[in-house]
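If you scroll down you'll find the structure; I have some questions about it.
Chains here go by letter, A, B, C, D and E, matching the order in which they are written, and residues are numbered from 1 within each.
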Amino acid sequence: MATTRQAERSSPWRAPILFGVLALLFVLEGTTRNALFSGSWNTSLAILNMGIISAVMALGLNMQWGYAGLFNSGVVGFLAIGGLAPVLISVAPVEGSWSAGGMRVAVALIVGLGTLFLASYTWRKLRGTWRVPALLAVLIIGFALYRWLFDPAVMAIEANQAAQYGNLGGLGLPVLLSWPVGALFAAAAAWGVGKVALGLRSDYLAIATLGIGEIIVAVLKNEEWLARGVKNVTSIPRPVPYEIQLQQDPEFVARAASWGIPLAEASGIWVKLAYAGLFSVVLIALILLAELSLKSPWGRMMRAIRDNEVAADAMGKDVTGRHLQVFVIGCAVMGLAGAMMITHDGLMAPTQYNPLRYTFLVWVMVVVGGSGNNWGAALGGILIWFLWTKAESWGPQLIALLTSPLPAGALKQHLMESAAHMRFIAMGAVLLLVLRFSPRGLVPEK
Amino acid sequence: EEVKLGLHLGFTGPLESMAPNIAAGAEAAAKEISESGKFLDGSTVVTPRSDTTCIDAAASVSAAERQVADGVRAMVGGQCSGETIATLEKVAIPNGVLMISPSATSPALSTIDDQNLFYRTSPSDARQGEVMAELAKAQGIESVAITYTNNDYGKGLADSFQAAFEKQGGTVTTSSAHDDGKADYSAEVAALASAGGDALAVVGYVDQGGSGVTRASLDTGAFDKFIFPDGMIGQELVDRFGSEIEGSIGINPAAEGDGRDRFEELAKEAGFDASGPYSAEAYDAAALILLSMQAAGSSDPAAAKEKVMEVANAPGEQILPGELAKGLELLAAGEDIDYVGASSVELVEPGESAGSYRETTIKDGKLEVVAYH
Amino acid sequence: MSDSDPFSGRGNRDRSIVNPHGRGQVDGERRSGPVGPGRPDDPFLIGENMTGGYGKGPDILHDCTIAVEKGQIAVIVGPNGAGKSTAMKALFGMLELRQGSVRLNGKDITQLNPQDRVKAGMGFVPQVNNIFPSMTVEENLEMGAFIREDDIRETMAQVFDLFPILKDKRRQAAGELSGGQRQQVAVGRSLMTRPSLLMLDEPTAGVSPIVMDELFDRIIEIARTGLPVLMVEQNAKQAMNIADKAYVLVQGANAHTGTGQELMANPEVRRTFLGG
Amino acid sequence: MDILNALVAFLNFVFIPAAAYGAQLALGALGITLIYGILRFSNFAHGDTMAFGTAITIIATWALQSLGVSLGPLPVALLALPFGIIGCAIMVLATDRVVYRFYRRKKSDPIILVMASVGVMFVTNGLTRLLIGVDEIRFADGARFVIDVRSFREWSGLSEGLALRTTQVITVVMAVLVVWALFWFLNRTKSGKAMRAYSDNEDLALLSGIDPDRVVRLTWIIAAALMTIAGTLYGLDKAFKPFNYFQILLPIFAAAIVGGLGSPIGAIAGGFIVAFSEVAITYPWKKVADHLGIETGGSLLQLLSTEYKFAVSFVILIIVLLFRPTGLFRGKSV
Amino acid sequence: MIRVENLHKKFGGFSAVDGASLRIETGSITGLIGPNGAGKSTLFNVIAGVHKPTSGRVWMDGEDITGLAPHQLFHKGLLRTFQLAHEFSSMTVRENLMMVPAGQTGETLISTWFARHRIRAEERALRERADEVLNFLTIGHLAEERAGNLSGGQKKLLELGRTMMVDAKIVFLDEVGAGVNRTLLMTIADAIVRLNKERGYTFCVIEHDMDFIGKLCDPVIVMAEGKVLAQGSADSIMQNEAVIEAYLGRGLKNKDMVSA
């Protein structure tokens, strides 16, 4: 369309400049101390670390939305299921849980999955009058068998040292291993969702993922045998040293002294730098892989599919297959981010998985950053996270500023008390402004 | 010196309505101490707030990081157990900041290696369940249905109650979760009603799903006798249900003495609702932190953290809400105090409230204290 | 809508969040400007020296003039992308002219928006998407009479007389009709306005020969009742046969003008535009 | 064997609550479907706008109450509804003016409007809280029950009780009225038909002299009315809490899609299907079975525990979409 | 080459194709005509795998291809164009062609990371081939243009060009002529004849322009109401009474009212 031709040109310097600005924000946060910034490298790095994880989330969503136009509104669920991995992989095993019923649960799950496969097989292979009865028979018998195996096993596991554990426990493997496993978990879930939802004649992925996201979180909350449900798993192992260890390590104490930074602060910075290093490696590797794919025939094919599904199908491209592929990969990346996040937090608390915070905020990141552009998504992830964290302190200050001319009274009081909600307003405003003035995001797709 | 005491609470999120009263409690204590002029040679206290969101550990951690960067020496918070654990492990311990939570009640917090930096003015839920069970049995309740808010607090308390109740020979017909802030609770109530029982234990929050379930149970006639633990007790409860819940049992952490009454007066003056859950505990948390600093003679948390137990427990002169100035004087004079405060603080190892509970019953549409346990 | 468009949806076709059905191309919320006086001895409708394009894009029309007299049929032909549809839209106010004016029945209507041109008596049947598919045939016709406050039953009866098949199908959703029947609904809808001018954009595209003849028959009848008809046609030979006046457009400019017969006789026009 | 008691238990715990909940969902879904049909996008800000409209109604209710107005057994909020609707309409029209209209004029893809609605959701979310705070508010006054458990037991002599709340009755009656009015409007009035025409084919509507501006305005106003009514009824029946209105978005969407997006009948059917299945599938049928004298052997006869109740709506959704890809009622009549 | 047997396709209760049986011979240019709504496009769509038939079979070179998806049929050499041009509008004209061939190394993710060299070589070859095709179709100068900016006729040429990027066996063309200028249409006809002669493509063409059909097609199949009404050479069809009655008509009745 004619109106758009001007918009297509965007400066090649745009991305570097924006990243520069972003870096500057973090430096300011680390060095200057005023109403806007805290002047602490600890804060700055802490925001950066979660920012990088957010960037990975945004990258995953960008693959689905930016490359293929798939609307995933269940981001929170895939993050959550990825977060299960650190618990199951790296937490120390719980004594007696496997003998109590671990094996039986495993068998039950296999029976459950087998039932589903058998059901879909029956449905596909049988025709005529026996189709429905056979399907029902398979489902009912399978379900009964599954419950018969599953329920007692779960009771036994949950009864095992209920106050402290009551779950299967982990394998005690290195926590870094759980990252790819988290990706796998999410990919498996995504495959199931995609198989059903992407196959529906009109695409109903959005609502299916919205539901599945909620269901995954509900499972994590309620299936205590898995990861203690809402009772949370704490003290998940870290891939980096503990601050306390550093503070007791004479070598580090000496080094901190030589830098002239207080010990507590130095140890905090050190640990966060280590995290930042790990996370950046993941982020950069993902961006590189994604860019390589996008700038090759695969990327061209994805663009063609996005442009015109019907024509791409007629030109021999398996549209549903490719959609499934990007959907699964995107979710895998989200799962990876979920595992990274839990590793970083050291805590698995399923109640934290709130769609407002995870699904919608990640959407804001992608849209603001620039969908379709990996660098854009990464930028959006870090920037929005920065703003989201800072809005928490900026909001009240803004309200204070705005209400300063008001006479002290009920209204002022009320506004001051509600200041915390400025955070939502601020996020919404950022999204709306970017959509309005830079509709393709800060770093648009080329 | 201006001592910064962070208020690290869930101002947004699912428990956003509980946070203002908790904050108000803590602020009342801070103000009292600040205005007494006797704190650390005339130091004042400011209470910058930060938002834990209650559910988002990451946001809570970064908010706490900011507080630390701003130079807070100690924090009242967090509000919810999950987020509290994250903040403790990731911010408070590494930075050596003292944290006293008014409301995080998960048993998991008892076992964390906290370098003595974490205390709470509320008891662990492990104990509350037992007390609830005893009271229920004493009232002749043989079978109960349990509904709990689906988080670590609800689940933990429901489990401990169920275990204790069954141990005493009662039956639990069903124990099922309700999610806070859901659109509709008819399905939950239908299930509870079908399971039946002499009473319904509502392990939830009074301005959340807990009330929703209670309301629907009353309306459909599913239950007319309830057992309410701490999350449900408050003026809200009687305002809402009044005589409809006549004869129900209430239980919450509190101890005999007029600390609470004093606090309520104080709150009325300051214009906030004292009966809100954990408001009193927050007052105590703030007071404890500041009194410990006074006892240590410095606002350095590393020194103050070792004084908390001393200040909180006997021996020494008892200090009630409104008497903080007296406490400060005594401490300055090198004497020992026994802070009682609004919630009858008595800290046991590893730094949590001992768990004295108040039994109430609803009579003529009012909460009436029956006994203390 | 192309994909590099900043306001596009990344090819998303998720029906649970967006409804692609029936979206428009034209900004319907533009306000009308004032109506000016016409010029002496104008034809009934004239778009004079029209220059303009879409949005901020390049000019599509270059100094193009189209006119039609009362009781006549005027036909526009030309290669694909010449700007025929664009010229029609320009006459109807669906894109902004940078130069030139449109005058109808002695008034200058250049500043009017499409809604107000309908009120001024123009009826338009677009090239595609020219019915309301989920509404019944009758409701489609009623919508044609949307701006009228008086009794529409008589006009509807006239339309049913003109297109008898529609009377049988009046309770059926228009989207369920065949291509030719839809075209009849479309023309009928525009007649319901009781327009003083009828504009048709390729009414016979993709229509079978027999239906095409039928439509042309009806168009002749309509024109002979005194209603001027302006249409774009690719079935140029047939259209030229019934045209009182014909325009050949090339790249947005008038290339040839004359009566249908004259242009048919012109060998160059035949070879380059009418397919030999 | 006691059929009457079984029936009463069923009515009391399944039928009545599900009917009221269904009506609430249906009203919400109706708004979603209207905006989807005419403005062509799924409005993620729906729940939060409902909260906003309700907040205004509540403020108006307080004002009326302080003037001593009372409606006898009916809640005063009904009288305050028009104020809420007006306030909400002003709000959505303003939003349309500053946000959506820009994209509509640019003819941007509807998905951009969806994104914008996420932004609006965040902002409205914050605004509502600034306006009325985050606390739970109950504003129902008047008589609470039409039939309450105790008097029902006394009257009937049955062991099971039956309760019917005033708000439940109001909800269902209002829902029926509103739905009837909406149908009448869409199918019988010129403006209604113009809205359907616009939904069918924007450009052609323009060529028929329909003023799109007016259609859009009308749509928002009707949607605002639906949202405020739905929100207020919901708030009356349960309680008002801004956070809940975000949560209710999910079942509302499920209802609208099960019924077929864009179809008003579908929205209503969808609302009831979702509500009834949620309650019925997680209901332990033990009590009913006991009354009927069927041996349950201690089992609760519960198909699915209530923790997973909303999974039910999604499973139903998937099944419906597998067999009827456009929803139960083909989404087209708006 | 293609054999359709007793094919039915119902939409709801309505039979769009109602027991059609026909054959398309290898090497022919078969025309398919019929009144609006006769079911021609539906028949195409069923053969090309867009719709699943309600009943009936489709065979290609003796193999049952009923119900295969379009992309599977593509790999068997069955290609189609669309009644409304379906170009990839945001991609360049050349890219539109380059994306067509199947089995490109660069289309598997893993190889985009580890087989950069091979991809580069393949891309070079593809680009050459695409340019060849564009020149053949006389639109070589538009290679870098965004396909969305092409005119209607050029888009139809592009559609045709895509079928030339691989060795198609049979190509289905749905109303290439509708809305296309007649002069351009004749150019397209020439291209079709050349492909048929030089590359041995089989064509099946839906069209309402009888000049075009007459010039190009033998045999011609006439459909009406979902069934095959008649079949034969273009000339014989134009004489067929039933076809005239249902489809061709007898010209204008109001000729007398046309001004001289």
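Here is the rule we go by: a contact is a pair of C-beta atoms (placed from the backbone, for glycine too) under 8 Å apart; a residue touches a chain by one contact, two chains touch by 3 or more.
Chain-to-protein mapping (UniProt): A, D = Branched-chain amino acid ABC transporter permease; C, E = ABC transporter ATP-binding protein.
No experiment lies behind these values; they were computed from the predicted model shown.
Among the remaining chains, those touching subunit B and also subunit D are A.
Contact tally for A-E versus A-D: the pair with more C-beta pairs in contact is A-D. Ranked by how far their CA centres sit from the centre of subunit D, the chains are topped by E. Separating the centre of subunit C from that of subunit E, both taken as means of CA atoms, is a distance of 29 Å. Subunit B and subunit C have centres, each the mean of its CA atoms, that are 74 Å apart. For the pair subunit A and subunit B, the distance between mean C-alpha positions equals 32 Å. Rounded to a whole number, the gap between the C-alpha centres of subunit C and subunit D is 43 angstrom. Shared contact sites, meaning residues of subunit A that touch two or more other chains, fall at 3, 71, 202, 204, 206-208, 221-222, 303, 307-308, 417, 421, 423-424, 439. Subunit D has residues 42, 106, 108, 111-112, 129, 133-134, 253, 257, 305, 307, 326 in contact with two or more other chains.
Annotation for subunit B: residues 12, 14, 16, 150, 177 touch two or more other chains. Chain pairs that touch one another: A-B, A-C, A-D, A-E, B-D, C-D, C-E.
Per the touch definition, subunit A reaches subunit C in the complex via residues 1-8, 65-66, 68-71, 202-208, 303, 305-309, 371-372, 439-440, 444. Subunit D contributes residues 36-37, 40-42, 101, 103-112, 114, 190, 193-194, 196-197, 199-213, 216, 253, 257, 261-262, 326, 331-333 to its touches with subunit C in the complex. Those residues of subunit A lying in contact with subunit B across their complex are 38-40, 42-43, 46-47, 50, 162-164, 221-222, 224, 229-232, 234-235, 242-244, 264-265, 267-268, 271, 341, 344-347, 349, 351-354, 357, 388-389, 392-393, 396, 417, 420-421, 423-424. Put simply, subunit D touches subunit B in their complex at residues 12-14, 17-18, 21, 24, 129, 133-136, 138, 145, 148-150, 153, 161-163, 165, 234, 238-239, 241, 243-244, 247-248, 251, 275, 278-279, 282-288, 300, 302, 305-307, 309. Looking at the complex, you find that subunit E touches subunit C at residues 33-37, 83, 89-90, 146, 148, 151-154, 175, 178-186, 208-211, 246-254, 257-260.
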